[in-house]
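Here the structure is laid out as C-alpha cells; the discussion comes afterwards.
Labels run A, B and C following the written order; every chain starts at residue 1.
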Amino acid sequence: MKRNQILTILSIILLFLFLWYANNNLSAYYIRILNNTAIFLMLAASYNLINGVTGQFSLEPNGFTAIGAYTAAILTLTPAQKEAMFIISPMVPWLQNLHMSFFPALIVAGIVTAIVGFLLGFPVFRVRGDYLAIVTLGFGLTIRVVSNNTISITNGPLGLKGIENYTNLWWTWGFAVVTLIIIMRLINSEFGRAMKAVRDDEDAAIAMGINTFKIKMIAFVTSAFFEGVAGGLLAHLITTISPTLFTFFLTFNLLIIIVIGGLGSMTGTAIATILVVWGSEILRFVEQPMHIFNFTIPGIPGMRMVIFSILLIVIMIFAREGIMGQKEFSWDSLFKLFKTKKVANK
Amino acid sequence: MKKLFSFLAVIVAALMFMTSNGFAKEIKIGVVWPMTGPIASFGQMAWKGVQITKDMEPKTKDGATIKLILLDNKGDKVETANAVSRLITKDHVKAIIGAIASGNTLAAAPIAEKNRIPLLSSSATNPLVTKGKKYVSRVCFIDPFQGAVAAKYAINNLHAKTAAVVIDISQDYSVGLAKFFIDNFKKMGGKIVVKTSVQTEDQDFSAQVSAIKGKNPDIIYMPTYYQALALFARQARQFGLKQTILAGDGAESYSLLKVGGKAVEGVTFTTHYDPKATAGKVGKEFLAKFKKNYNVDPDAMAALGADAYLVMVDAINRAGGSNATSEAINKAIRSTKNFHGITGVLTLVNGDAVKSAVIRQVKDGKFVYVTTVNP
Amino acid sequence: MNTTLILQQLFNGLALGSLYGLIAIGYTMVYGVIRLINFAHGDVMMVGTYIAILAVSVLLLPWWAAFLLTIFATAFVGVVIDKIAYKPLRNASRISSLITAIGVSFFLENLFLVIFGGVPKSFPIPALFSGTLHIKGVILPVISIIVPIVALAFLAILMYILHNTKYGIAMRALSLDMDTTRLMGANVDAIISFVFAIGSSLAAAGGIFWALKYPSINPLMGIMPGLKAFAAAVLGGIGSVPGAAIGGFIIGIVEILAVALFPPLAGYKDAFAFLLLIFVLLFKPTGIMGEDLERGRF
C-alpha cells in the first residue's frame, strides 16, 4: 500500500518537473495546448463521473463551464474595468464593486456552478427516464439566451474583455491533479460504489436501500463544481468571453473523450484527453487547402466536426468499451503484468 | 593581418548597406480577413477592393514594393488572434490591416498593443474596438455616429415622431447600434413606443410584429444582420405593417433581397459607400477599375478595404517611406487628416474615422443611393 | 390589448404550435417504442427541407410532387439512420444509444454545413401558399391556416393507423413489452422501421411547412424546433401521440402570447419551452395525456 502511494507521489513530481521544463523551453503555442489539455482533463474527468460512473446521460459541460467562466471573470475584473466595459447599460452596483483575487474567485465559480447543478438536478432526478440529457441540453441553450439578455450582469453579447491572464501551467495542472485525486477517492468510497450500482441496475440499487436521488445528486453536483472551476481557468486563459464561446461543440468534444477513454474509467479519460486535444490540433490539416501533386484541394471548414461525429458513432457501435472500459490503472496491476511476464520468460 | 581585417570590415559594411537599402525595397503589411467561414463574403469583397487599389498604388513614395501577406481568420476570434501573432512573430510585418468584424478585431487588439504594431481595421464599427488602445485604428465610422445618422434621417427626412426598435439581442453590433439610435432619437424629441428583441436564428416574429402593430409607430428601426431582417420584413408586410423599416450597415447583402423579395422593398439603411456618391479622382478611378475587373459595382466592404490600404500607404509615406518604423507608421495613421479616400474624406480622431455616411434603399430589387449625411 | 389582437396572437400561436406538434409526434413515437430520445429528429426535419429545396430547384418538380418526394425520401433517411446507428445498439445500455443519437445529430448538422455552407438559402414559395385573408381585422396568412389543418389531418390518419391496423396495434403492443410482442410472432424490426418512417415523414412535413412559413433555411435550423418539440412531447406526456400534438399547441401559443403581451421579454423567448419542461418534471412528470412514464402506450 505504501509503495503505491510513493509511486503516485513520484509520478506527480515527475509531471511537474516536466511542466517546469516545458514552461521554460517550449513555445507559447505548445504551452497553450498543454494548458488546454489540463483544463479538458478536468472537464472530462468530472463529465465522466456523471456519465460513465453514475450512468446518467448528461449534456451539461458547455452550460456549466459558461457559468464558471462568467462568475470567475466578473469577480477578478476591477470595478474600473467593468465601468469602462459596460457601455450599453451599467453593471448592477453590487457586482460592479465586487472584486477578488484569482484563487477565491475560482472557488466561488465552482460553488455557484454547483448550486445551479443542484437546482437543475432537483426536478430531473425525482423522475425516472432520460430527461437529464434533454434538460441539460436545453440549459446550455438557455444560458446563452440569459447571458445575452442580462446585459447589466454579463454585458450581453458584447461579452467580458480584458480579463487578466492569470492562468498558467501551475494553476491548470495543479487543479487537474487535485480534481483527479478527489474524483478517484470519491469513486472508491461507498458513494462511488453506490454510483456504479445505480448505473448497472437502478432497480436493484433501490432494492438494496440506496437513495438513488441522493447518489445521482452527489455525482452531478461534484461534476458541476469542477466544471465551474475549469470554466474560471478557461476565462483567465483566453481573456475574452462572450455568450457564443460556450457552444455545444465543447460538450461534444468531452463526450468523444470519455467515450474513447471508456465510460467510467478515469485512466481512460486521461489517455483520451491527451489523444483528442493533440489529435484535433493535428487534424487541422483537413481544413487547410491541400496540394497533392498538381491538384489543389480547397480546405473544407467544418470537415473536422464531420470526422469527429462519425468517429463517435463508429466507436459506440463497434468499440463501446473504449480504451479502458470501466477499468482503472493501478500500480498493482502494473507489477502483476511484469511478474507474469517474468514467469512466462522462465 | 591588419589589411585583411580592414578588407573584411569593408565587406561587412557593404553587406550591411546592401541589406538595409539594396534588398529592402519591400515593405511587408499583414492582412487578416475572413476568406472562408460564415462571413467569408465580406472578406472576399474587401480583398477585391484592396487588389484594385494595390494596382493603383503598388509602391511607396521611395519606391519600395508593398508586399501584402493575407491570412484567413475564418471569421473566428481564436483564429484571428493566431493569425495576428503569426504575422508579427514569423513574418515580421510592419503593420496589419484587419479584421472585418468588431469581435474579431477586439481579439486581435491586445496582441497588436503588446507588440506595438499598428492594426488598421476596415469595417469594425463598435466603439470598444479602439477604446483605450494606442495601436488600433479604423477607416470606418463608429456605431454612435451611425445611430445618430439614422435618428437624424428618421426625424428630418421621414418626419417620424415615434419609433419601434427591434434589437438582435445575440449580436453586440445590434445591441450597440440600437442604443445609440435610441439615445439620439430621444434627444431629438422622438419617442420609442416599442422596444423588442429577436435572436439571429429566430424565424417567427409574428409576436413582435403584432406588438409593434398595436402601438402603430411612424417607423421601425431594426439594426440587425440581413437574415433576421429579411424574415422580419416578410412577416411585417404580411400582417399589414406599412411603416418604413430603417436598418444599419449589416443589412447590405444580396441575401436580403433574395430571402426578403418584395417585402424588403423600401427598407432603408445607413452604410459606408455608394458608387453614385463617389467623388474625387481616386474614387472615380477605383470605381471604373473595379467594374472593369469584376463586372460588379464595389460594395461597402470593398470600398472600406480599399480605403484601409490607401490610408496605410499614405501613412507609410508620411512616416518616411519603406524604412519607417511601426511606431512611426502608427503615429502617421492616427494623424491622418482630410484624406480623400474611396468612401469620402476622412480624418482620424483617437483612431476612429470621422467621415460622412451614406443612406441607401431597396428599390425594384436593388440597392439605390438616397443621400449622404455629413458628421 | 383588445380582442382582435388576442385572437390574432392565438391564431399565430396555433400555427407555430402545430409545427411543433408535427415534429413532437416523431419524438414521442420513437421514445414510446424503443425508449430513445432521438436527438437527431430535429435534424431530420432540416434534411427534409433541403431535400425539398433540391427537388424544386434542381429536379424542377412541381411543388406537390416535390413535397411528396420529400416525405418519402425523408422517411427513408429516418429508417436508414435507425438501421445503421441505432439498431446495433438495441440491446446495449441506454446511454450508448443516447450518445449515438447525439453523434448522428451532430453528423447531420455538420455534413450539411460542409455541403451547403452556413449562409441561409431562400425557399421558393408556391403562389398558392403566399396569400393572406382578412377576417374582422384578424389577418390570416393562407399558410398559417393550412398548417393546423394539415397537422390535424396527419394526426387523424395516424390515430387511425395506430388503432385500426395490424401494424398500429403491433406498435402499441411493442411499446408495452418488446419481448412478449416478439414472442407473439410480430416482426419487431419491421415495426420499429415503420415507426421511424412515420416519425421522419411527419418531420419532413413539418420541415416543408416550416420553410413555407419562414423561407430562410440553414443546416442548424432543426436544433431549436427539435428541442421545443421534445419539450412539447414531455408536456403532452411522452409516449402519447395526441399528447404531443397538444403539447406542441401549448408551447406555440405560450411563446407567441408571452412575447406579444410583454415585448421586452422577447429576448427570452427560447427559454420558455425549457422552463415549461422543468415545470412539468417538477409537478406532473407524466404530462397531460401520459400515464406511467415507464409504460407509455401512445
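Please note the rule applied: a contact is a pair of C-beta atoms (placed from the backbone, for glycine too) under 8 Å apart; a residue touches a chain by one contact, two chains touch by 3 or more.
All values reported here derive from a predicted model rather than from experimental measurement.
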Task: Chain pair whose interface holds the most contacting C-beta pairs - done: A-C
Open item on the list: Quick check for you: compute each chain's CA centroid and the global CA centroid, then name the chain with the smallest gap between them.
Closed with: A
- [ ] Report the chain whose mean Cα position is at the greatest distance from that of chain C.
- [x] B
TODO: Please work out the Cα centroid separation of chain B and chain C, and write it as a whole number of Å.
DONE: 42
Task: chain A and chain C: spacing of chain centres that average the CA atoms, whole Å - done: 32
- [ ] Mind checking the centre-to-centre distance between chain A and chain B? Centres are C-alpha means, answer in whole Å.
- [x] 38
Task: Sequence positions of chain C contacting 2 or more other chains - done: 224, 267, 269-270
Open item on the list: Please output the residue numbers of chain B that touch at least 2 other chains, ranges allowed.
Closed with: 37, 169, 197, 199
Task: Touching two or more other chains - residue numbers and ranges from chain A - done: 145, 148-149, 301
Task: For the chain C and chain B complex, residues of the former touching the latter - done: 1, 5, 8-9, 12, 16, 118-120, 122, 132, 139, 141, 210, 213-216, 220-221, 224, 255-260, 263-264, 266-267, 269-270
Open item on the list: Can you tell me which positions in chain B touch chain A when the two form their complex?
Closed with: 36-37, 74, 77-78, 85, 103, 106-107, 110, 126-128, 131-132, 169-172, 174-176, 179, 197, 199
- [ ] Spell out the residues on chain C that touch chain A in their complex, using ranges where they run on.
- [x] 35, 37, 39, 85, 88-89, 92-96, 98-100, 102-104, 106-107, 110-111, 113-114, 223-224, 227, 230-231, 234, 238, 267-271, 273-274, 277-278, 281-282, 285, 293-294
- [ ] Using the touch rule from the top, collect the residues of chain A that touch chain C in their complex.
- [x] 51, 55, 57, 59, 122-124, 126-131, 133-135, 137-139, 141-142, 145-146, 148-149, 252, 255, 259, 263, 300-303, 305-306, 308-310, 312-313, 316-317, 320
- [ ] Flag every residue of chain B that touches chain C in the complex, lowest number first.
- [x] 37-38, 41, 167, 169, 194-199, 201-204, 206-208, 210-211, 213-214, 227, 230-231, 234, 238-240, 255, 258-259, 261
